[in-house]
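Provided herewith is a single structure, encoded as structure tokens, for subsequent inquiry.
When the chains are written out, they are named A, B, C, D, E and F in that same order, and each has its own residue count from 1.
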Amino acid sequence: MLKRIWAHSGRVGILGLATMALASQPALAADKLDTGNTAWMLTSTALVLMMTIPGLALFYGGMVRKKNVLATIAQSFAITCLMTVLWMVAGYSIAFSDGGSLNSFWGGLSNAFLVNMGKDTLNGSIPDSVFMTFQMTFAIITPALITGAFAERMKFSSMMVFSGLWVIIVYAPITHWVWGGGFLGEAGVLDFAGGTVVHINAGVAGLVCALVLGKREGLGNESMAPHNLVLSVIGASLLWVGWFGFNAGSAVAADESAGMAMAVTQIATAAAALSWMVIEWVLKKKPSVLGLISGAVGGLVAVTPASGFVDPSGALMLGLIAGAICYWGATSLKNMFGYDDSLDAFGIHGVGGIAGALLTGVFAKSAIGGTAGLLEGNAGQVLIQLEGIVATIAYSAIVTFVLLKIIGAVMGLRVSREEEIEGLDYNEHGETVH
Amino acid sequence: MKYIIGIIKPHRLDPVPTPTAENGIEGITVSEVKGHGRQKGHSEIYRGAEYQVSFLPKVKIEMAIDETREDEVVSAITGSAGTGKIGDGKVFVLPLESAVRIRTCETGKQAI
Amino acid sequence: MLKRIWAHSGRVGILGLATMALASQPALAADKLDTGNTAWMLTSTALVLMMTIPGLALFYGGMVRKKNVLATIAQSFAITCLMTVLWMVAGYSIAFSDGGSLNSFWGGLSNAFLVNMGKDTLNGSIPDSVFMTFQMTFAIITPALITGAFAERMKFSSMMVFSGLWVIIVYAPITHWVWGGGFLGEAGVLDFAGGTVVHINAGVAGLVCALVLGKREGLGNESMAPHNLVLSVIGASLLWVGWFGFNAGSAVAADESAGMAMAVTQIATAAAALSWMVIEWVLKKKPSVLGLISGAVGGLVAVTPASGFVDPSGALMLGLIAGAICYWGATSLKNMFGYDDSLDAFGIHGVGGIAGALLTGVFAKSAIGGTAGLLEGNAGQVLIQLEGIVATIAYSAIVTFVLLKIIGAVMGLRVSREEEIEGLDYNEHGETVH
Amino acid sequence: MLKRIWAHSGRVGILGLATMALASQPALAADKLDTGNTAWMLTSTALVLMMTIPGLALFYGGMVRKKNVLATIAQSFAITCLMTVLWMVAGYSIAFSDGGSLNSFWGGLSNAFLVNMGKDTLNGSIPDSVFMTFQMTFAIITPALITGAFAERMKFSSMMVFSGLWVIIVYAPITHWVWGGGFLGEAGVLDFAGGTVVHINAGVAGLVCALVLGKREGLGNESMAPHNLVLSVIGASLLWVGWFGFNAGSAVAADESAGMAMAVTQIATAAAALSWMVIEWVLKKKPSVLGLISGAVGGLVAVTPASGFVDPSGALMLGLIAGAICYWGATSLKNMFGYDDSLDAFGIHGVGGIAGALLTGVFAKSAIGGTAGLLEGNAGQVLIQLEGIVATIAYSAIVTFVLLKIIGAVMGLRVSREEEIEGLDYNEHGETVH
Amino acid sequence: MKYIIGIIKPHRLDPVPTPTAENGIEGITVSEVKGHGRQKGHSEIYRGAEYQVSFLPKVKIEMAIDETREDEVVSAITGSAGTGKIGDGKVFVLPLESAVRIRTCETGKQAI
Amino acid sequence: MKYIIGIIKPHRLDPVPTPTAENGIEGITVSEVKGHGRQKGHSEIYRGAEYQVSFLPKVKIEMAIDETREDEVVSAITGSAGTGKIGDGKVFVLPLESAVRIRTCETGKQAI
């Protein structure tokens, strides 16, 4: 019985762990729709959709060269459409159904095409239709984040095939592991809003893409400078605003948990941006606009798993540390290994996600999310976090690699050299910015 | 007739004399260009990657003039566009064989 | 008594039809403000405003030539201002008051200047002030949609006069017919969020404008290619996000109906975008960015009347069909007849709106919205839908035509040929993009 | 006891004045979290954040010359980050704590680092974490507004130091005076959403900045025309949409007061835009796009203090008047005195804020906000409003002046002449728009 | 050989003949420029401040041609770009000493 | 002195030699242009309407040089900008009568 509620109540279930004694009671109480909670979840869904289109589309679109801006933006937009349909067809079922004997690993296909989702089906205190759509927006942004790693060179057709398969084979199962009743949730991994599921997962997949596809033509010789950072600032700003839906929405209620999640998200993000800014100012003599917004995104990523578990002071520390680590991830680390993660999908989302997941284990406060972290004496939580990180990295990396190899063999991954030099906008979409 | 090409600093366009009856300039065409000379450009750093921006913004001005006004016009340009700092630019004088005013089909000196 | 509640509860009234037996009971229950419903309607109002500014302004602004971008954007912005005032002065009264003996056709002027709207006046479970403003945002976007048909050539002054008269004489009465207690609502026409009232209405008016104003100078000889599709993608994305307020907000509550409306909106939109993309990819060899976003907007239009009545699978089918039909509307149909609907106000909103209204009659499920459609054996619903479509087209087309002829005679409709060639930005507004 | 609730319930407290008799009763009732109110305040917080990034950033960024666009946008973004941290560290405590014997003037540092804000601490019917973050977004936008006055010439480093000190020394105390239990709130000054606290305050500080920093190089000789008004229209639109969170959110509830605040905000804004447009059309022969959006922002500013106190007709009048006054403020007034308020921070926010504060005293209706204005026979309210205006102007002007002089002496305020001519984007941030 | 420079109105580019075997034009290079001549520019007003926009958008076309085609080409330009209104622009003819086609390293008349 | 004008493919600018003491190039001015030659442009389709984009992006480079360096400079350009594919572009050599360095008012060879 608990299992069912669990599987249904999604990430709330995680919080549920801490209050397991109470679980049967709220379960009953939750069977009534709460208009306030529903209002907030409707809003959160809109906010998270806005993160991808136009948020991420612009954040990435401003960073490429002018000849690739439409193609880059098109990736986020087309992914939004494709993931929506795939989530409805199978993704939601795999992630959030009860998978029976295999429930530790996936949720099965019993809810394919949302056959079990009636209009009046509730999920906790909100309609299941809202929870499904809210989760859909997460399934949209995750593959969209990966596109930063292979920007300016991947074929649109291969990108669509890859993203579609990836969301079903990689994203939906990992979501099930953590939030759908799978083994990581059971193990007590803390991931409030998707540090592991979304960011580490996307970041690692991005790294594998960057390695498999290889470098862009001309990297190192030609200028790859962002063509219009105004677009990127708009994008980063909408990501920030939309992230309130992502993190505070992950409370699946308009309550104290949502409120605190919003507050700590804001604080950690600002701290990370300032941290990156100051480091760059000292090391490179000028605080760049790209640095400011990259730091902010790094902070958003890092606070994502932590947002239901840390207090404002913890968020401040977490943000300051995350800004520094992401700076290192997007500048030094990349150069150290020489892969071409074009827009730092791994450098920011992977590195920031790992840092955030670990720091959640450090700064978690039992007064906030019911679980103590290292600073409150619970060193074991860091290990549990590590388990989640390692499992995600391993699965995501291996399956992404295999997927890319297969798709590469069947249809190729990159546009031709000439097309890449001339630009993807015209060659892939037949359009240009005039 | 002569065809004068000037490459100057972008923010020195406003002081350049616009055509008037007196200054011998009948018309002027300008465009945005980028240049590299003794002044070498700068570098921009994006997430740790340093890109050399070898070309700096300049403005190109073009004027077709009567050869009798050559000195006058060249010194009008050098006078107003000069700041004495590196990167001030150049004035080039090319021979111009003929000119036509499209509206009237006037040619030669009438056309410039 | 029912009538009054009816007139007041707006589109809820439509749903009410299906549950007429219960109508008097919720009416009493509804007399108390619900903070959750109010929260969602405040949010929805903000979202729908965002659809017009900056959403539609950018969607359209990116598709014109550079010399007309400010003028195009200015049309949406100025319409936002003018409609706000006119709605307060008379529009809301005409649309949503009880028109007494003429109530089948209009609501009269008894609530002009909102004289009956006290601070504490409720409309169902939300303040009347919220319902009024929510509806205001619909009265804003509808004439703004029309501007796509006469873009790049209409005089700003004539556009303002036309839009102002149109909203009072065409939009407000049709709204009354469908949602305010008028004859179409009584006839049982299903239009959850405005397929008829907003999209068919605006699309048809746009077609008439395109025909009366004639073609743009140089059409067929010169390139009329969109100057900056990045703007259009931002616009389309914000339209999509804002449309959650439009459709899910049309439940006038944060409830199961809103939740399902949001889910089906998302699914139909994505399906339509993919449908357009695939067709274009096959026929023209490349999937264009403009195609992707046009398909998405087409899907949003088509699912608008259906959003409270269909289930996810119905939405998927509806979206796939609508994408194909809108592709045809914006490419073949236009060329067939040779009118210059510059930005396809009719091709997408008119055609998509008609398709959506009919398909609502096909896919409606009684388990969702209380009314069965063709697939559930109720063939009559398609005829009822047709009645709504025909009445709207006839009235909108005729009155729009007469209005344009009068305005044209009095003050002219188009800028001069020279002004059009040189561009509207400078000639109409004295400004340029530098 | 009342004091405590007062201090905690923020601007609600002001409304509370009118219903003082009821104060103790709702105070108890309010001790329960309302999910609807919380949902709306979470949303409002996101909306107000969106006003600054990307709203204001773009509104300002489009109006400068191309060489300064990134630097201008960076100011809003960096301020967002810095204010977030400072508000958490000390600002919120100074503004909204009980300052004991000095409570008339400031709230003290007892809540520094938010030590008193537990997860479950409520503030009225919403979590204190939400109220704190909502107020944080006000503390962000206020210094960001000032940047319009010194755009295109101030050093980034000095700007950061100035803004950081200003928010602590000027903004937080004035907020306390009006909303935190200080002397202006006690005196009965009506300021629903921040006309005094935010707009007059920022406008006056901007004027002082413009005077102390002096004119931009080349003003009067070179063209300072806005480089891309498309950005400014996007910005103004997002300001408008976000302002629903600002004004209707200032009800701190999803109730009748919020609903009416939203309605009157919409009406006054539209009226002001039309008013500016018509005046400019008559005087300068063309209705400019910049005029339309400036008028709208002027209307938003002016209706800010009034939004909880006036009815729709009052808002219409207030908007029409405010549009005209702001037109004068941004065109004639500035030229009269010859200061270089680059983007009219004073001309619109200062002038519009003063007009709005006075007009609130004129148009206030007791049926709306519990306080009568001049038109209802309470002439005294205009004097009380004047007291608020004068106190704010005096304090803001003097402290801003002293701050600038000190910072100027220590580290200088302006970039060098060469850097200014070449542009701030490259010289301050090492980046350009390509 | 001659190097023809034409400054024309922006919306008159489309009628200008593109290269064909018959019209003697082998290639053409165009760019956006701004010009000031008898037609003087306009003013824009932003919040009461009036800025003189002295330069109006024009299009510059450049063609290297064989001298035997000079008259033909010049009249093709004047014919198609002329509107008879002020600001129609000019055609200038400069001497061209040599030309090289980069792809093949052909020179002279083969190269234009 | 000579005035060299090169029209090359946009992504071939980086290999073009920038001025150094050795390569005889003192300064260089570049601008974005569009061109039409044997390479004909492409078409873009927007909602079913096909627009001919007759002009493709090219980069124009301009250098004033001493006539003794002509061959050297021309072959430096053809060497580095050539890809052997259609649309590689042209180099044109025009006579240059005089040059002035604005900063110093030096003229002639000192000025280029």
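Just a few scattered comments:
Note that contacts are C-beta pairs under 8 Å (C-beta built on N, C-alpha and C of every residue); 3 or more make two chains touch, one makes a residue touch a chain.
Because the structure is predicted, anything quoted here is derived from the model rather than measured.
Hopping across touching chains, the smallest step count from chain A to chain F is 1. A comparison of the A-C and C-E interfaces places the larger number of contacting C-beta pairs at A-C. If you average the CA atoms of chain A and of chain D, the two centres end up 34 Å from each other. Taking each chain's centre as the average of its CA atoms, chain B and chain D sit 47 Å apart. Mean C-alpha position of chain D lies 52 Å from that of chain E. In chain A, the residues that touch at least two other chains are 34-37, 39-40, 43, 223, 225-226, 234, 254, 284, 286, 288, 290, 430-431. Across the assembly, chain E contributes residues 31, 44-46, 53, 94-95 that each touch 2 or more other chains. Contact between chains, per the stated criterion, is found for A-B, A-C, A-D, A-F, B-D, B-E, B-F, C-D, C-E, C-F, D-E, E-F.
Those residues of chain F that touch chain E in the complex are listed here as 2, 5-8, 31-38, 54-55, 58, 60, 74, 77-78, 81-95. Of all residues in chain A, only 33-40, 42-43, 45-46, 49-50, 53-54, 57-58, 61, 69-71, 73-74, 77-78, 80-85, 88, 113-114, 117-120, 126-130, 132-133, 136, 156, 231, 234, 254, 428-431, 433-434 touch chain C in the complex they form. By the touch rule above, chain D contacts chain C in their complex via residues 34-37, 39-40, 43, 47, 66, 225-230, 233-234, 236-238, 240-242, 244-245, 248, 253-260, 262-263, 266-267, 269-271, 273-274, 277, 284-290, 292-293, 296, 311-313, 316, 367-368. Contact residues of chain F toward chain B in the complex are 3, 18-19, 26-31, 62, 64, 94-103, 105, 111-112. Taken in their complex, chain B has these residues touching chain A: 44-49, 51-53.
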